[in-house]
Amino acid sequence: MIALIGLITLTLVAVAAIATVMATNLFVASMWFGIFSLLMASNFFILDAADVALTEAAVGAGVSTVLFMGALALTGEKEAIRSRVSWFPMAVLGVLALALFVATFQQPMLGDPMAPVHQHVAPWYLEQTPKLINIPNVVTAILASFRGYDTLGEVIVIFTAGIGVLSVLSFKPKGRQSVSSEALAAKVRGVQHHSILRVVGKLVIPLLMLFALVVQFHGKYTPGGGFSAGALFAAAVMLYGILEGADRSAKAMPEKVMLRLAVFGATLYTSVGLVCMLLGGAFLDYNVLWPDPVVGQYFGILLVEFGVGLTVTTVLVMVFNAFANRPTY
Amino acid sequence: MMGTIFDWLSGLLLVAGGFFVLVGGVGVIRMPDLYTRIHAASVTETLGTMLILTGLMLHSGWELATFKLLAILVFLLFTGPVSSYALGNTALLGGLKPELGEQDPPKEGRES
Amino acid sequence: MLIAAGLAILVTMVMATIRGLKGPTIYDRILAMNMFGTKTVLFVAVVAYLYERPDFLDLALAYALINFIGVLAVLQFFQNREARQAVRSTQAVPTTGSDQDGASS
Amino acid sequence: MTLLGLYNYWIFILLLIVGLYAVLVKGNYVKRMIGLGIFQSAVFLLYITMDKVEGGTGPIMQGVPEPGQLYANPIPQVLILTAIVVGIAVTALGLALAIRIREEYGSIEESDIRRLDHES
């Protein structure tokens, strides 16, 4: 029965993807992309990946729609229709599709317990997590402890992307007059004149922030962790920016502070690793943080996840503020 | 004994919720213009949601999950109608006219 | 019963997709997206019980809180669009001919 | 039923091709970023398809796990969990570049930008 449900959602995913690409209006395309991501998250959930579904929910349905809307407001929403499509990319795509299709017949079936991927280190992680780390969520254990090195790299990538956005948008075009954000703000009130939306929205913001904190700090026991919590918290700030105006959200979350907090988050992660080295362990080996290694793991994961959450939140908030407060040229 | 009553009740609520969700879905396809479609979609967002989530609450019994379901229900009841309102309002301000029937409705009462 | 409810939700999702594909106006697509948001919450809740893992309801909670934001962002964009164009046409110095909103098709 | 076990892979291929099509063929930069997003999601789907174990459940243990309890493979989940957030950060960077290009050239269509580069 679940298999049938999976089939239907997967087919809907395919339909949504094709509709996304076919739409000539970029606004409609990003709408379809939102639907696509909701369906994708349902699929992840059906495939037993609750943590991934939570992250996809926070990122796909909330943050990415907001960012696409912010970008489209600055770039325009119509796509030029190309009449002539050269044969070369189509040929490449056709060959690729054919090759992949043939290759699928050698893939293990969905859910095959004998698949090679289940034979390697995964059983060891599942077996040892209760003993070594003693937290129920194995995904968090692997993310923050067993494979902490990998996650550190990802955090640095996110941080770098945030810096990249800020530096790209720090240039101003020369010799062109801008529509200042004040002039725009006077005209553009967005949803701010809707009292109902503001009242209900303000009701949602604190709950969303609270929920983000639960996901952050309770992520060892339930689906969650720094990445999803960061995206949820950023979504709360974005909601505030949409309801009250982006200038206010930039005032509440100034870029300077956000940048420092992002640096702090990444540094916190690294310095936990360095402290472990100073105490005589390996880099990111939390066992040495406390006399009892399991407690050491607990504190290590707590601190590292906090660093991740801080960096993700601040980077996403910075990007949102940079997009939403960009004057129109 | 109580357990079975709750099971029956929860099954009934779930089926009823599924029915109303389905009715709303049909309405979204069949209705002639945007405003009536919003109307149909609202059925799924309030009545269908309420019935399904209440059914799940009865199914789960007295647990933490019940409170989570209650929270979900409250959020959906707040946000669903509000976003419907916002959509209708935006469409109206954006210049989309509701498709009204003729001034004297035809005797058969068929739409458009 | 859970399966019946789950299938009903799925069929409604299919219907919302059809409306989104047909949708004559842009608002119909927003409506489809909005419907998808609520249906996903219900779907996740039902599947959590089908899997007998009610502790995964956190996900449905996250959706219930999040999908409001997407719809609001879309509506804000929509309401700002005309004002933005008006301000742009009165204030910005006209440059090359192909400047109008990238619509040089 | 055996063929249905491969359905996930076929949808993966379809999404990959659709995303790549948007990246290669479409001239609009924002559309390309959307295509890249679909492409990313295709890869996510491939990985998450790998993690499923028949009869298993999500890798979050409830109390003391029973001896025979199967769990989904957590490693692909960890990889994708981080990749999703990295993906949105990269998308944001791409959108920022598109905004800057629009400001300089007045268009985000590749054909227009080629023409303007050629003229100057």
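Odds and ends about this structure:
Per-chain numbering from 1; labels A, B, C and D assigned in written order.
The criterion applied here is as follows: contacts are C-beta pairs under 8 Å (C-beta built on N, C-alpha and C of every residue); 3 or more make two chains touch, one makes a residue touch a chain.
Small disclaimer: the values here were computed from a predicted structure and weren't measured.
The largest tally of C-beta contacts between two chains is found for A-D. Per-chain Cα centroids separate chain A from chain B by 30 Å.
If you average the CA atoms of chain C and of chain D, the two centres end up 19 Å from each other. The distance from the centre of chain A to the centre of chain D, with each centre set as the mean of the Cα atoms, comes to 12 Å. Residues of chain B in contact with two or more other chains: 75, 79, 82, 86. Residues of chain C in contact with two or more other chains: 7, 14, 30, 32, 51, 53, 55-56, 58, 61, 65, 67-68, 72, 75, 79, 95, 102, 104. Residue positions 28, 57-58, 60, 62, 102, 108-109, 112 of chain D each touch two or more of the other chains. The set of touching chain pairs reads A-B, A-C, A-D, B-C, C-D, using the touch definition from the header.
Interface residues of chain B, counted against chain A in their complex, comprise 75, 78-79, 82, 85-86, 89.
Those residues of chain A that touch chain B in the shared complex are 191, 194, 196-197, 200, 203-204, 207.
Across the interface of their complex, chain C is touched by residues 1-2, 5, 8-9, 12, 15-16, 19, 25, 27-28, 31-32, 34-35, 38-39, 41-42, 45-46, 48, 50, 53-54, 57-58, 61-62, 65-66, 69-70, 72-73, 75-78, 80-81, 176-179, 183-184, 187-191, 197, 201, 204, 207-208, 211, 215, 222-224, 228, 232, 235, 238-239, 242-243, 328-329 of chain A. Chain contact summary for the complex, chain C toward chain A: residues 3, 6-7, 10, 13-14, 17, 20-21, 26, 29-30, 32-33, 36-37, 40, 43-44, 47-48, 50-51, 53, 55-56, 58-59, 61-63, 65-70, 72-77, 79-81, 83-84, 86-88, 91-93, 95, 101-105. Against chain A, in their complex, chain D makes its touches with residues 2, 4-11, 13-22, 24-31, 34-35, 37-38, 41, 44-45, 48-62, 64-65, 70-93, 95-100, 102-104, 108-109, 111-112.
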